[in-house]
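Structures for review follow.
Both of the next two complexes hold chain A, though its partner changes from chain B to chain C.
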Partner chain A sequence: MSELSNATRPTSAPKRQPLTSRRYALEIRQQMAWHWQALILAVSLIFGLGISAAILIAAGVPGGELLDEFVILTLFDAQSLRAVLFQAAPIVMVGIAGCLAFRARFWNLGLEGQMIWGGIAATAISLFEVGPESTRLALMFVAATLAGLAWALAPVLLKLNLKVNEIISTLMLNYIAANFLLHLVYGAWKDPKDSFPYSPQYRAFERLPEMFDGYSMAIPLAVLVALFAWWFVGVCRAGLYLRFVDANPRVADAVGVPVRKVIVGTVLLSGGLAGIAGFVVAAGQEGRLTQAFYQGYGFSGILIAFLARNNPLAATIVALLVATLFVAGRNLQVFYQIPFSMVQLIQALIVICVASSDFFIRHRIRRIAGRES
Partner chain B sequence: MPNALQLTGVSKSFDGFKALSDASFTVKWGEVHALLGENGAGKSSLMNIAAGLYAPETGELLIDDNKVQLKGPADAARERIGMVHQHFKLVKPFSVAENILLGLPRSDGSHRKRLRETERLIAEKAEQIGFSIDPKKTVADLSIAEQQRVEILKVLLAGAKILILDEPTAVLTDQEGERLLSTVQGLARQGAAVILVTHRMADVKRFADRVTVMRGGRTVETLDPQQVSIADLVKLTVGESLPAPAHARSEPGPALLSVRGLKSPEIGGRRILDGIDLSLRGGEIYGIAGVGGNGQSELANVLMGLPEPSEGEIALEGFGDLRTADMDQRRDLRIAAIPADRYGLALAGGLSIAENFAIGQVHSGRYGPFWLLREGRAREETQAAVERFDVQGVRNVRQKAALLSGGNAQKLVIAREFSREPRIVLAHSPSRGLDVRAGAAVHQRLLAARDSGAAVLLISEDLDEVLALADRIGVMSAGKIVAEFERPADRQAIGKAMVDHV
Partner chain C sequence: MDLLASWLGNVPDFAVPYALAALGLILTERAGVLSLGAEGLLLAGALASIGTQLAFGVAGLSLLAGMAAAALVSILFAVMVIVLRVNQVIAGLTLVFFCQGLTSLLGTLLEWTNQPIRGLPALALWPLSELPLVGKLFHQNLMVYLTVPIFLGVVWYLNRSTSGLRLRAVGENPQAADAAGIPVLAYRFAAVMAGSALVGLAGAYIAVLSTKMWIADMSGGRGWIAVALVIFARWSPWKALAGAVLFGCIEALIPQLAAAGVRLPQYFVLMTPYAVTLGVMIWVALGGRQNNAQPGALGEPYVREERR
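Presenting the complex of A and B:
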């Protein structure tokens, strides 16, 4: 075939190869230096922001003010920065909770359920006035951690002992937790003051205090969680075990990694961190147990873990980005009457762009000889 | 009878290991031609070349006396060559007809219509050659023997007239095997050319019209099986007895590990391990010879502490039942394991060389307490071990273990497992896939371990390896140790024990 077409072609072949006959090969990269990875990530982020800007301008936001609004106002204004960091704190926690569970090859989709139980446990301590005032907040923290951890216990045991798929069990347990929460806030725990479906407000000493300059205690707590997770996966021996479990559970078992203990421990940790996130939202942001305080966090946590490739420090950065988008979106809504659905659209766009950069990090596109060359 | 397929002067090497050298083979139309040889003799490599899976480095392939070049299995199918592999290549959740349709060239009509047509063809063909098979059944629900029939129907319906069967009876019971071989013989009588890759002398005697013996990558001789005794065939397959290499026998110590009546649970009237008795003594290498698939992998799994159901006794001197020991205890007992599946059981390819080395002793706190892993120290020790055990191709101990070649990966496993003077060494096919030099290095390590008083169990399908290293040899067949030999062992006698009990 190709010989035939060659014969009929004019003798003065064009120098440039026609676009349609060029061929490319897709190869899997072995490794990539981290700064190249960072560059690819940055480019895809900018690409996503570019599309978002175009959409916003089309929706009537003046182009010049966009940069102002998005970057300057969100990150360089003290008030907004506080809001971003404050918003980021629970997101960091669920993101890291996702990272840890996924590293143990456990698809914890129950982050929201574990958060709910964290919130419920903390509220119970407040409601029943357990312990003296000075230790009340610490008790609430501990109770939230334990409750989140306990809610993750059943799925991991079911998976290890009976091979019950954790994707289903954790996801379904979310609904149980959510409906139990509704049962409480519409029933026994309804605020007697105004009969709205939320718990009575926490007392002042039951709320996360502001540290200095209006920065909430939630922020150092999130930093501590990030440091702890970094230590857990990167510094201590369990981190090495976890890498083996993640890389190949059969090898891990054969070389003497206590696979079962590692998986159970890590998943419980994941549940505990989600519980703490529930506590932070309840005691930091809302100041009470509300019926929808957890919504969206489970999805964010999974997304962050995926984008950060289960690295806790990267997850912290991604969580900050997500929080920035969230706060900037809120500002856009307020100042430009941009509908909430468009804010969601922009957030989704940016996430897709960052997620697809993964493809370029893992693959290389190489031009190979054309068909007719 | 005219020649169907002819291979002349074929050579092929993998990673410097010469799998085939100057092999020649001819099968004629209308005959069953057996290809006989030990594991690693090059039978499968040669047949993979005939089936277009590998390209030969030298030599020619002739079909009907015309030279052809196969660029892949699709080319081979066009030349009407069909191969039934030892490990079936079927899509388990698909029905029989769907699996076969996958292998057929694309034709017109809707999928549903083509599926109906295929079902009809299957029923017709099955009827014709005397198979009973339901084309609508899901492959996962079929027995091994039925799956094999599907494989055979698949190549026949794709139009194959030259049929290559790689160890077809290895997975079958005696009766099933007999039925299959008589069917295949029938195909040859109708004019097809059948190549039967096997190591079973009895099958060769009963069903083959001619036999070509392979040894060490060469085709040794082509004979009429009726004119030659089984003893002579064995002799041709395993080669002349070589004088035993220098192998100073050390005085064996007391029994360290005794296995009594080790059985696996009964499945379908068969036990994979069917009453193993053996004892390992310090300062001695106990070799287990045998044709692959006679329970060696299961025995290795049980002894290495991998999940494998078993009953019977495995008593470790001074400890008790070895199966109750967890991996930590096994390390403390200084039991070293070199599994056959390097990247499936010994090394995590995605992790670094240092991590793969350090995991061996990290439990003992050698690289810092639980809360602090001293990676620097682990890397230093890995570097030292890499040098001591001559692991090559390591630019940096932080590089991925998957980047090591087979031989060097094995050396890394040994470096880790031998880093604490082992008392018991369990090695399964330790030099499989390695070139001669790397294999020899592995053998040196096993001998050195023995000389320092360890009890070494060497499970290998490579008879040369067992003969070169073992002080005592047990022959494993159908889940039992059927014969034991003391060094110097008679190669022919072992070869006979390996095949007689199959």
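Presenting the complex of A and C:
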């Protein structure tokens, strides 16, 4: 009706529509040029970092020294760089563990529980002096891997067989593992030398050695894990299967992919890597089993996997940045009495910004014809 | 006998937060928004209520502050999942991490940690409170009694009111609801905020009336247990209430056993709520009662222009 009258009427100058009658529609974009994607990502990152900086300043860090604390002191100083890389090693492992599990469509929120068991198993080998001194460290490594792997077994079987929600089951297992750890370090495994809740210190040959210049063995171990994960998801057959499973488990099953085996195997691998991370923290950073050695790693692993879009190599890079944040956070704790939970808050803020920015990559807002004015 | 009576008397104190949190989650999830952020919302409610209690000392105001804080934080979540269509699992997890970080930071910086407060006095419902054995059940603070009308009100809203019917329609089939002229996104937004306010109330209850102080991460996984409760209650408020009472009984038993001189390894006792949660989830799954009680559109963002 209106179109008809418009067509017959002599054309007049297009009238500007009043703001309130304009209508907008959301469109799903098929694809966006990569440089636009990069720009949106960069803007969201800067936004997140800006908010974080504002919170830090509000919490009492002098604004002028933020750059110093976070960039100059942590990356351009040899000792701090060592600390960052050392700190990055377990974070890389949990990040990759997260990537692998998410690729199998399994929300492994049990990274902390698996880490705890890794630490407990390694400590058990040390406490009970299993094996000769020369192979002790290797045994601890293997025990930690197996323990982490075993703690991931129940949730994945429960999910596949009984459809038990793995988010809840892995989280509950975290709390169970954490309480068991407390039982050990406050009980039978308490260091007899003093009354603090930790196990006796590992002997020198039970600790991750330093290579040259004070760089820990943990660093090449993390590089190996990253390369292995890259090979696993990118090169080997299981990685190809995994992509089928990720895209559509039912179609994958129909074309003959062993879906069950792939999912179970990948999740176990994820648990094993988390166990190794527990071993690295216990035998590297701490040198003993402590009551809170795992704290903060589990959720960093999950956020890293999300930020890296489940890509192991990207996860390695993100993990380096998170490690920088960890080290800087510890410095802030010492110099400005800022609680360490600031690190968690900053990570969450950045993930919120990046996750939200995805909207602008996937959608376009288009103006559509307004109502009759 | 005395032991049994005092155990029963302690059950509501532990069951009320679970019941309120599960009720809030059901309200949100019936509108089709998967709410995993309960753990964070509990903390937000707890911290805000403690702060208010320290400043004004009025418990009613503190509980309201807890509700308001959780509803405020949930706006962030709602914008993420409803407007920006972020994956609801990621958004929920991030909300938990965000709240954990923020509350423990604020709690330390504002020096609210470990400051004891006075809660609410217990009120005896006179004739009932004199009953043998169950008498202590009617010797609770005001909030426990208030939970009953709140619970009944929300159940009535969901099952009996027109607006509640619309809310469930939005959760089951947003396309059809939209076609029927129901504002899907507005309903979801309101459901997230109202549900979160209830979870915040649960957090405030834990902080102001139960623990009576702020400790970082004091919710200790109760939010996750509430999420699990909703799953194995199949989104039914009454079953969730039964689950809340079950967990209340278990948690109330822990101090009772210690008081009775039963020597149990402490940390194994502390594990029980989590182990029971896991056990009940397995038991429900084994029972095979996986009927289609889950809201049809749970976890799916809705946008009118997207064809499915």
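Following the convention adopted for this analysis, the second predicted complex is superposed on the first by the 298 of 373 C-alpha atoms of A that agree within 3 Å, B and C clash if a C-alpha of one lies under 4 Å from a C-alpha of the other, contacts with A are read in each partner's own complex, and residues count from 1 in each chain.
The working rule: a contact is a pair of C-beta atoms (placed from the backbone, for glycine too) under 8 Å apart; a residue touches a chain by one contact, two chains touch by 3 or more.
As the structure is a computational prediction, the values presented were derived from the model and not from experiment.
Participant: Have a look at where A:Ala314 lands relative to chain B and chain C in the superposition and call it first, second, both or neither.
Facilitator: neither
Participant: Touch check for A:Phe244: first (chain B), second (chain C), both, or neither?
Facilitator: first
Participant: Tell me which partner touches more residues of chain A in the superposed arrangement, chain B or chain C.
Facilitator: The partner making contact with more of chain A's residues is C.
Participant: In the superposed arrangement, which partner chain does A:Asn179 touch: chain B (first), chain C (second), both, or neither?
Facilitator: The answer is second: A:Asn179 touches chain C but not chain B.
Participant: Look at A:Leu227 in the shared chain and tell me whether it touches chain B only, chain C only, both, or neither; answer first, second, both or neither.
Facilitator: neither
Participant: Given the touch rule stated above, what does A:Val235 touch, chain B (first), chain C (second), both, or neither?
Facilitator: Once the two structures are laid over each other on A, A:Val235 reaches chain B alone.
Participant: Classify the contacts of A:Leu75 with the two partner chains as first (chain B alone), second (chain C alone), both, or neither.
Facilitator: After superposition on chain A, A:Leu75 lies in contact with neither partner.
Participant: Just checking: does A:Ala254 make contact with chain B only, chain C only, both, or neither of them? Give me first, second, both or neither.
Facilitator: first
Participant: Looking at the overlay, does A:Ser356 come into contact with chain B only (first), chain C only (second), both, or neither?
Facilitator: Second partner only, chain C.
Participant: Return first, second, both or neither, reflecting whether A:Ile51 touches chain B, chain C, both chains, or no partner chain.
Facilitator: A:Ile51 contacts neither chain B nor chain C.
Participant: Report the residues of chain A in contact with chain B in the complex, numbered from low to high.
Facilitator: Checking each residue of chain A against chain B gives 30-31, 231, 235-240, 243-244, 247-248, 250-258.
Participant: Which stretch or stretches of chain A touch chain C in the complex?
Facilitator: 25-28, 59-60, 107, 109, 158, 162-165, 167-169, 171-173, 175-176, 179-180, 182-183, 186-187, 299, 302-303, 306, 338-339, 341-349, 351-352, 355-356, 358-359, 362-363
Participant: In their complex, what parts of chain B are in touch with chain A?
Facilitator: Within the complex, chain B touches chain A at residues 304-307, 326-328, 330-331, 337, 339, 343-351, 355, 358-360, 362-363, 367-373, 400, 403.
Participant: Touching chain A in the complex: which residues of chain C?
Facilitator: 36, 76, 79-80, 83-87, 89-91, 93-94, 97-98, 100-102, 104-105, 108-109, 216, 220-221, 224, 227-228, 231, 265-268, 270-271, 274-275, 277-278, 281-282, 285-286, 290, 303-306
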